[in-house]
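Okay, got some structures for you below.
One chain, subunit A, links the two complexes that follow: it is found with subunit B in the first and with subunit C in the second.
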Partner chain A sequence: MDLPTFLIQLLNAVQYGLLLFLVASGLTLIFGIMGVINLAHGAFYMVGAYLAFALTGLTGNLLFAILLGIPLAFAFGALLEWLLYAHLYKRDHLEQVLLTYGLILIFEEGRSLLFGDDVHGVDVPALFAASIPLTDTLSYPVYRLVISAACIALAAGLFLLIRRTKLGMVIRAGSHDRDMVQALGIDIDRTYRIVFALGVALAAFGGMLAAPVSSVYPGMGNQVLIISFVVVVIGGIGSVTGALVASLVIGLADTFGKVLVPEYAGLAVYLVMAAVLLWRPEGIFRRG
Partner chain B sequence: MQRTIANAFTTKDAKDTKERQRNLVSRASPDEVRDRGLQAFPSFVTFVSFASFVVKALALSVAAIACAQAEDKLRVGLMLPYTGTFAALGNAITNGFKLQVEANGGKLGGRAVEFFTVDDESDPAKATENVNKLVKRDRVDVLVGTVHSGVALAMAKVARETNTLMVIPNAGADEITGPLCAPNIFRSSFSNWQSAYAMGREVAARKHRTVVTLTWKYSAGQQSVEGFKEAFEKEGGKVVKELTLPFPNVEFQPFLTEIAASKPDAVFVFFAGAGAVKFVKDYAAAGLRASIPLYASGFLTDGTLEAMGDAGQGLITTLHYADGILNPQNQSFRLRYAKAYKVQPDVYAVQGFDAAQLLEVGLTAVAGDVSKRAELVKAMETAQIASPRGTFTLSRAHNPIQDIYLRKAEGKENKMVAVSIKALADPARGCKM
Partner chain C sequence: MTATPIIEGRDLHTYYGASHILRGVDFTVSRGEAVALMGRNGMGKSTLLKSLLGLVRPQRGEVRAGGENVTAQPTHRIARRGIAYVPEGRGIFPNLSVRENLVMAARSGARGQREWTLDRVLASFPRLADRIGHAGDALSGGEQQMLTIGRALMTNPDLLILDEATEGLAPLMAREIWAIIVAIRASGIATVVVDRNHAAVTALADRAVILVKGQVVFSGTATELRAKPELLHTHLGV
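Then we have the complex of A and B:
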């Protein structure tokens, strides 16, 4: 592999990793901070992608669709939390798995009823439709770079929110001792509702951003769900920093696995996961 | 079966009657008995036993009629995906099959058809259990299925063991009409090798010398690449790199970088469904469409052109069906299908339609008597199927010998450009029939 090819592959890896982070960060927030195993997280990603498809059809531009879609997804998340998830915090993991697995089935069936089982495409916004030539044969689509930029901005925003704001402080405190925070007179239920809605909005935003490059199809959430769980486990449950690092590690493992050892490309990601867990059983950035 | 039902009725009824009588005797208090009148009691008992005799006789005859009717109907088992990624394909096949059956007044070979349906979910892990539901529980005369090759292999195994007549309306796994071929197993669709082999010749004819291939690492993809390679290298070309990625992974970017770095004359791929849409879009976005021509087996652009948008336009593929085939049977089929289901038919609907046509030929030859298996199979083997894709016959391994079309994507259609190879037969390697 010559140097330009290597650099482009590195770009591919980082770009894929950042997209993973977008979905996994929401999962780690809900899973780590609220203690809920949310199998339906992939379904929220799918909801986002289908929202992008439907709203782009209505508004004619993906950017408008995203602007409209994020508040919708946030509201949807808050509603779901109030209706279902709020009853789960004190239950054991088996009941959480049952409910959230049931939600996957309901979302899939609803998707089938509303949109059918065909594959749909979403157009890249005209503003970003160009490509930048990198070598004489290969160019890089601007939209992919935009996705990366959006992911980086979002990661920075999340860090500020969790480290520097009062809400972030309450979230961090609540993840350690829910009852104590409540005893101090803070409405922890409201905080949790916001965190959950935020997680849903993040997953949906991931789906909306990815819709033009990945297309919109049945079962798209399940693929993302598994790899997101891998990211959360490697990064350390509940750690947003960990999710970012783990996403990049997985991006690298997947990309270079495919290029260097194509025979075992499917295994590369899981070998990395096994190695990390042997080294640090609680993930790279353990909480606490 | 008929006798068992009747027996069950008799014993149950007899027991009920006796119990009723006993209850009447034991529960009725002496006063009540007196009130009814001692004289009336025996005649009441006689009446009850007479009534129960009538009921029994009626039940018997009803059961006999029901059984006789069930014996008359041809039991057809449809095992297809009705949920999941391939749901649309399963529905198109079912529609095509039923269109032919309904055109015959709901009959195949003169016998009324009763359908038994199982959703195989394209899950190989559940395949054996699902096919046994049809073969053992529903005792179907004919098994029709399926889309997914892994599931079809499990079905074919059960069909071989139980000697059930089976028609495959899609799954292209080469083995089914290769090493695993059997007298009772037929295919109305294609083998993976077929359409890819035609593309190998086409690409060589366009003076491309080097090709990089890319597909998912699963049998349909790998068998297509092998078919392509066989034809392409026979004509003097060279496959310089065979890239694969795990099914159904769609992160293509690293491979596009590889392709751009190795600069082949052309690229051959096998993808279908959502993966096909993403690949074609990524290939165009990476600027490769302008520098390295892309060729594929026709599944890349079937049912996916709308989602691909501009990126899909002009793609050259090969398949055993195309839009704009001008023969009377195709025109009539498309008209009837569109009228019945309010959508345009696709290649999967054609394959389902032809599965029913193939069975119709076999069953007509034996006047619907499935017990005459040897004659039935002989009729199917020698059938000339007037398919919408063009008339085809079957190879000795029971795979269609069919024209493969060269197609070009225009708008939402894969327009027929030419017949790429006329009457192409799968080599059926390893078939000992």
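Then we have the complex of A and C:
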């Protein structure tokens, strides 16, 4: 592999990993803090992508679609939490899996009714439609760099939120002792609603960003869901730092796996997971 | 007219599964008073405190805070009426630093008072100031207890409930905690104190309540209790 190709693959790997982080960070927070196994989390990624498709059609520009879509996704998440997820916290994992699997089916069916089963494309915003030439024949699209930059900005924001704000302290405290947080006069239910809605908004944002690159298609959330669970397990359940590191590791493994050993590419991610779990069964980062 | 109690339990019946823990308990704390809650292990002291705060729900009876029925209200609403709780076993957040443990609880009190700030809590607990950046679980038992009390004060409470605040501490540290409790009481914050050191509790308290098998067998002033040492002997085995 020559240097420009390597560089392009590296950028792709990082961009894919960062995009995964948007989905996995919400998944790990919801799992680690509220104790809910949310199989529908990939569906939120799909909802984001279809929101991008629909709203870009309405507004004519993906950027406007994203600006509109994020608050919509957040509100949708808050509504779902209030309506359904809030009733799951004290229930066992089987019931959580049943409800959230049911949601996948409902979302897929709803998608089919509203948008049909065809693959749809979303245009890259004109502002970012250019490419940066690397050699005479190779170039790298600006939009992919924009995806990475947006994800990095969001990751930084998320770390600040969790590490530096009072809400973040309450989130971390609540993962340890919910009753004590309430006894201090803090509305933990409201905190959970915010965390959940934030997780939904992050996953949906991931779907919106990815829409022009990956297209918008049926079942697109399922593959992301499985890889995101791999990320959560490798990173350590509940750890946002772990999710970031693991996302990048998986991004690299998947991308370079496809380039170097294409016939076994599907295995690369799971081999990495097996290796990490043998080394650290609780994940790279302990919960915190 | 008597002042409205800060918190009041009327005829509380609380169960854990099938076991009937509280059997018709009446319990009141008024503004500024110190109440000793006494009884042997398993007589329902902690359950009573949790029932008042809504951490366990009484099946029968009523909890009133500031004159309003709060029996069905969520714990955080009850706490926001000026009630702070230092649970048995401390309940610090080990994954948060000392500063974060304190800051996350900060708010003004039920009457809008902001007397307790981070600076004042740290001035009152110099040991915490020395360890401000440490994680909660890096503290000694006594320091953790100070952190829990300091954290409770950050909510600017009208009532501080202390369940076994000196349990498991070395005598020197226990004495330090007692000095803090005495100072808190002197500052005008009402207190409910559960502690095995009966002499210290009754010396501090205005009133005492003794629970036996989920029922109140004595409720009176601390002076009355001191005049009847046989009560302590019969019900507490001292």
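Following the convention adopted for this analysis, the second predicted complex is superposed on the first by the 287 of 288 C-alpha atoms of A that agree within 3 Å, B and C clash if a C-alpha of one lies under 4 Å from a C-alpha of the other, contacts with A are read in each partner's own complex, and residues count from 1 in each chain.
The definition used in the following text is that contacts are C-beta pairs under 8 Å (C-beta built on N, C-alpha and C of every residue); 3 or more make two chains touch, one makes a residue touch a chain.
Bear in mind that the values here come from a model prediction, so they are computed numbers and not experimental data.
*Asks:* Check the residue A:Gly35 against both partner chains and state whether it touches subunit B (first), subunit C (second), both, or neither.
*Replies:* neither
*Asks:* Quick check for you: in the superposed arrangement, does A:Val170 touch first (subunit B), second (subunit C), both or neither?
*Replies:* It touches subunit C, and subunit B stays clear.
*Asks:* So which one touches more of the residues on subunit A, subunit B or subunit C?
*Replies:* The partner making contact with more of subunit A's residues is B.
*Asks:* For A:Ile8, select first, second, both or neither according to whether it touches subunit B, subunit C, the two together, or no partner.
*Replies:* first
*Asks:* For subunit A, which residues belong to both interfaces, subunit B and subunit C?
*Replies:* Shared contact residues on subunit A (touching subunit B in one complex, subunit C in the other): none at all.
*Asks:* Tell me, which parts of subunit C touch subunit A in their complex?
*Replies:* It comes out as residues 53, 55, 74-76, 79-80, 84-85, 87, 91, 93-96, 100-101, 103-107, 151-152, 155.
*Asks:* Any idea which subunit B residues touch subunit A in the complex?
*Replies:* It is residues 83-85, 87-88, 217, 243-246, 248-251, 253-258, 260-261, 263, 273-274, 277-278, 281-282, 285-288, 291-292, 303-304, 306-309 of subunit B that touch subunit A.
*Asks:* In their complex, what parts of subunit A are in touch with subunit B?
*Replies:* Checking each residue of subunit A against subunit B gives 1-2, 5, 8-9, 12-13, 15-16, 112, 116-121, 123-124, 131, 133, 135-141, 143-144, 212-220, 223, 254-256, 258-259, 262, 265-266.
*Asks:* What part of subunit A is in contact with subunit C in the complex they form?
*Replies:* Per the touch definition, subunit A meets subunit C at residues 166, 169-170, 172-173, 175-177, 179-180, 182-189, 287-288.
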